[in-house]
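Both complexes below contain subunit A, partnered by subunit B and then by subunit C.
This part shows the complex of A and B:
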């Protein structure tokens, strides 16, 4: 067995050189009291891979048209062997993916992992998070059920509030003035082609940068070791860290399987564009804080409409969030503490508004 | 004779003024009557009618007080505006009211300009009603137009404030028909309103279904009369079409006609009609059939068979529904089985309608198709529960396998790292 593996290693090295093997052998992951957060990146990647695999399987049966979408998902859930499991995993993993990606992003923020030279790692990570939100929004409509239809209707209406290009943006995303079959095929296109292509590109850069720059050590840990004179310990990436990652992935898989089997993702009733919007329509949980903000903002503030102001604010905040590495000039000093405080307020706001809207 | 002369004078004057044939006015006409009468404020006879008239459909359509009372509403001098020479009749006599209203409402050309869909045969129908016939014989206690529609605050029947809106009509009829003093001498019961309020028809109406029968649905409105024995079936059949058709073909039809038994009423009653149930057919204590049939006769046997068939399908459906509910609560998708269940339920409804043919074979045939569907739904429910059990077992085994792998990985990590020196972090950028 060992000899077969050794032969394979030699075979590969003859073709790819020693670089890859050396890199894997030499790669280290710092070991300190915040090391646990490092596993969130791998967990996000694992959940994304589950989405890719289950998404491809769903694609074998799914039909993106208003007359067939709901029925095809129903067929997957009732007639296709283990179709219920595949759809359940896909739906639950989508939510867990957003949650874990969010935790990963905030942990990187609070541990100042965005500081020089990892600015681009942070930016690509933020872009990936926005793409994941796009995956969630576009995928939510695909079963063409009542909840998804009206949530999409309400959600896309927000686009009209974007200054200057709002109406154009709404028409582009909806494929017309209303949410129709054109919207479904458009969202399907985004979900299975545009977003995956973007993800491949951005994720590739993100992973390359992580490998190139290594894991960031939090400033507090660096400081403590500097002061004590003690060297920082490390795990070898292979096999120590990877095996620990694997344990996390298996646990995530178990949680996903339990959720899919014990709490199957409901299909609901087929969308009917001609019925009035049902009461209590809400977006997915990860958009709730935005939804609640829109609800509480006054209809008009000075000369600008409340909704338009909110959308502009969301845009500006998202941009500032992406540019954090360039705005936080001294992550280890006063500026860093201010950013940490602002981040804590942002987390409290997101949690508070989400709970309020629930 | 004097009354008739005054009425003729009134109609001639109104006709001369052109009110009866004019198109609806485009702007509010001069109505000096209100100028004076509103001064009387809460006076029941002089002030209140003028206040109420503001909400009347006739006022909304531009008619003035003179349309009914005559006179000239353009004159500010009350002697001139209420001059009998100008057709002023004051308060119309009860006996004259139907013809007074009909002057406009029976004029198809005139009414077309206001509401082309409104019927214009009310007076003719009223003449056929018990009310109209008695009025013609001089009984002025019977209902005339204003008793049901109101006097100065008449509204379209579709308006919820109208006395003849479906939700208010039963109370309007009961205003007279439940008044024992008023009904004294007519020798008809006065408990119709009490009975109707306990009926399934009223409960349906009160639940918001305006298509549910009210007094007028069965008795007619302008031509109100109690349906005779022969026409009861036709009256019920206007809504319960299939029941009527089946009863006509049933073995009960001929003997009941001979015995002058009012078809539907004989089993279901009239004003206090109650929800039906399978217990009403058969040989149980509450069954209608045992009122006439005796043990051992053909009807008794038929009743038993029909009851057994209905109860059998109902029970099979309940079993299937229970299984599907259980599976659905556990998160299983049973949408297709629900459709089969709904079809089986339709078979049961059809079988319950078929009862009115009093033919056991016919009911059993319908029930048979329902039982097949109920069995299909039942099987789907069982399959869903089996699938659920399979998923849970599968989950249990998967979690065990995952726990085993996780434990093994943990052991492997310990094995690999045991005795190894700690690595100092050194990243080459």
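This part shows the complex of A and C:
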């Protein structure tokens, strides 16, 4: 058994070269009091893989047309064996994925992991986060229920406020002037083809960079080691770190299955464009702070409409966020402290607005 | 990884075996609990449509002598033929070779499968080409204005 495996390894190495095996054997992960945050990236990846598997399974039964979408999800939930589990996992893992990706992103921000030479790792990470938000937004509509229908109306309506190309964007995403079956088909296409393709590309770059550059060590830890003159502690990625990763994933899977079983994702009422919007239409929790900001901004500020102002504001903030590695010129000094403070305000704002809107 | 026990005071083989067994069986149980639902999910539930045993295939005045039509019999097509001398015959329209749908040919007075040139006579017997078995024949009854086709009791 072992010799057969060994033969296979040799056979593969003769063809692929030693690069991969060496990389895995030599890879080291730094060990210090902030190491725990290193596990969030792997956790995000694991949740994403769950989404790939459960998503492909749902595709076996889902039908992306307004006449059949709701019924096909209903069919999955009630008739297909373990359909409730697969859909529940997909819906719950989507939410956990966004949450863990957020934690991963903010931990990288506060530990200054974006500083040279990891600017591109940060940028690709931000892009992945935006793509995940796109996954969430497009996937929310697919069951074609009332909540999703109206949330999508509101969400896409915001696009019209984008300067210059707003109307064009609206038409492209809705597949017409209104949210209709055409919108459902488009969102389906984005959800199962466009976003997965983009993710594969950007995630590939992100992971390659992480392998190439290794894990970032926070400035405070680096400084302490410079002063004490001791080398940084590290442990091998394989098998120690990977096994710890596995334990985390195993627990996550257990939590997910428990959530899917104990708190099944609701299907709601089938969407009907010709009924009044029910009260209490809210987007998914991760869009709540944007939603609340929209509510608070006055309808008109000087010569700009409130909606337009909000959309431009979101756009500028998102752009600045992506460009943080280039704006924070001295992460270990004064500008670094300023950015930490700004980040703390951002977190407080997001949490505060989300709680307010709940 | 089994050879990693080079630390001093390595655990006795019995304990090691037990731990190996426990780890192996929990890994197996975990994988089983992941793949069992997936395998079950992949198999579609039985279709809701009842495979009824009788169906109205046509109205009495619908077919001229020496004409035929395809009708729905549950999920599958059936072939109803009105013979030149009057009277009806009904068969499963699914070719016994590779599941194509057969058709009645008026000029040749036979039942023909276009996929691989299989030919059945008007009793449904496979007379030429690749079909291995005759077509399944159904009973035909006239009930008022309707022609009713029924599956034969399996002998």
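Quick note on the criterion: the second predicted complex is superposed on the first by the 357 of 358 C-alpha atoms of A that agree within 3 Å, B and C clash if a C-alpha of one lies under 4 Å from a C-alpha of the other, contacts with A are read in each partner's own complex, and residues count from 1 in each chain.
The definition used in the following text is that a contact is a pair of C-beta atoms (placed from the backbone, for glycine too) under 8 Å apart; a residue touches a chain by one contact, two chains touch by 3 or more.
Not measured: the values here are computed from a predicted model.
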Task: Clash-or-fit label for the pair subunit B, subunit C on subunit A - done: fit
Open item on the list: By the touch definition at the top of the document, which applies to A:345: first (subunit B), second (subunit C), both, or neither?
Closed with: neither
Task: Which of subunit B and subunit C A:234 touches, first, second, both or neither - done: first
Task: Which superposed partner A:313 touches (first subunit B, second subunit C, both, neither) - done: neither
- [ ] Consider the C-alpha centres of subunit B and subunit C from the C-alpha centre of subunit A, and write down the angle between them to the nearest 10 degrees.
- [x] 70
Open item on the list: According to the stated criteria, A:250 is in contact with first (subunit B), second (subunit C), both, or neither; which is it?
Closed with: both
Open item on the list: Between subunit B and subunit C, whom does A:86 touch in the aligned arrangement: first, second, both, or neither?
Closed with: second
Open item on the list: Between subunit B and subunit C, whom does A:275 touch in the aligned arrangement: first, second, both, or neither?
Closed with: neither
Open item on the list: Quick check for you: in the superposed arrangement, does A:60 touch first (subunit B), second (subunit C), both or neither?
Closed with: second
Task: Partner, of subunit C and subunit B, that touches more residues belonging to subunit A - done: B
Open item on the list: In the superposition on the shared chain, how near does any CA atom of subunit B get to one of subunit C? Answer in angstrom.
Closed with: 5
Open item on the list: Under the contact rule defined above, give the subunit A residues that sit at the interface with subunit B and also at the interface with subunit C.
Closed with: 85, 239, 250, 253
Open item on the list: So in the complex, the part of subunit A that touches subunit C is made up of which residues?
Closed with: 53, 57, 60-61, 79-83, 85-86, 239, 250, 253
Open item on the list: With touch defined as at the start, can you tell me which subunit C residues reach subunit A in the complex?
Closed with: 1, 30, 34, 37-38, 40-45
Task: subunit A-touching residues of subunit B, taken from the complex the two chains share - done: 331-333, 335-336, 391-392, 394-395, 398-399, 402-403, 405-406, 409-410, 412-413, 416-417, 422-429
Task: subunit B-touching residues of subunit A, taken from the complex the two chains share - done: 26, 28, 30-31, 74, 77-78, 84-85, 117, 212-215, 217, 231-236, 239-240, 243-244, 246-247, 250-251, 253-254, 257-258, 261-264, 266-267
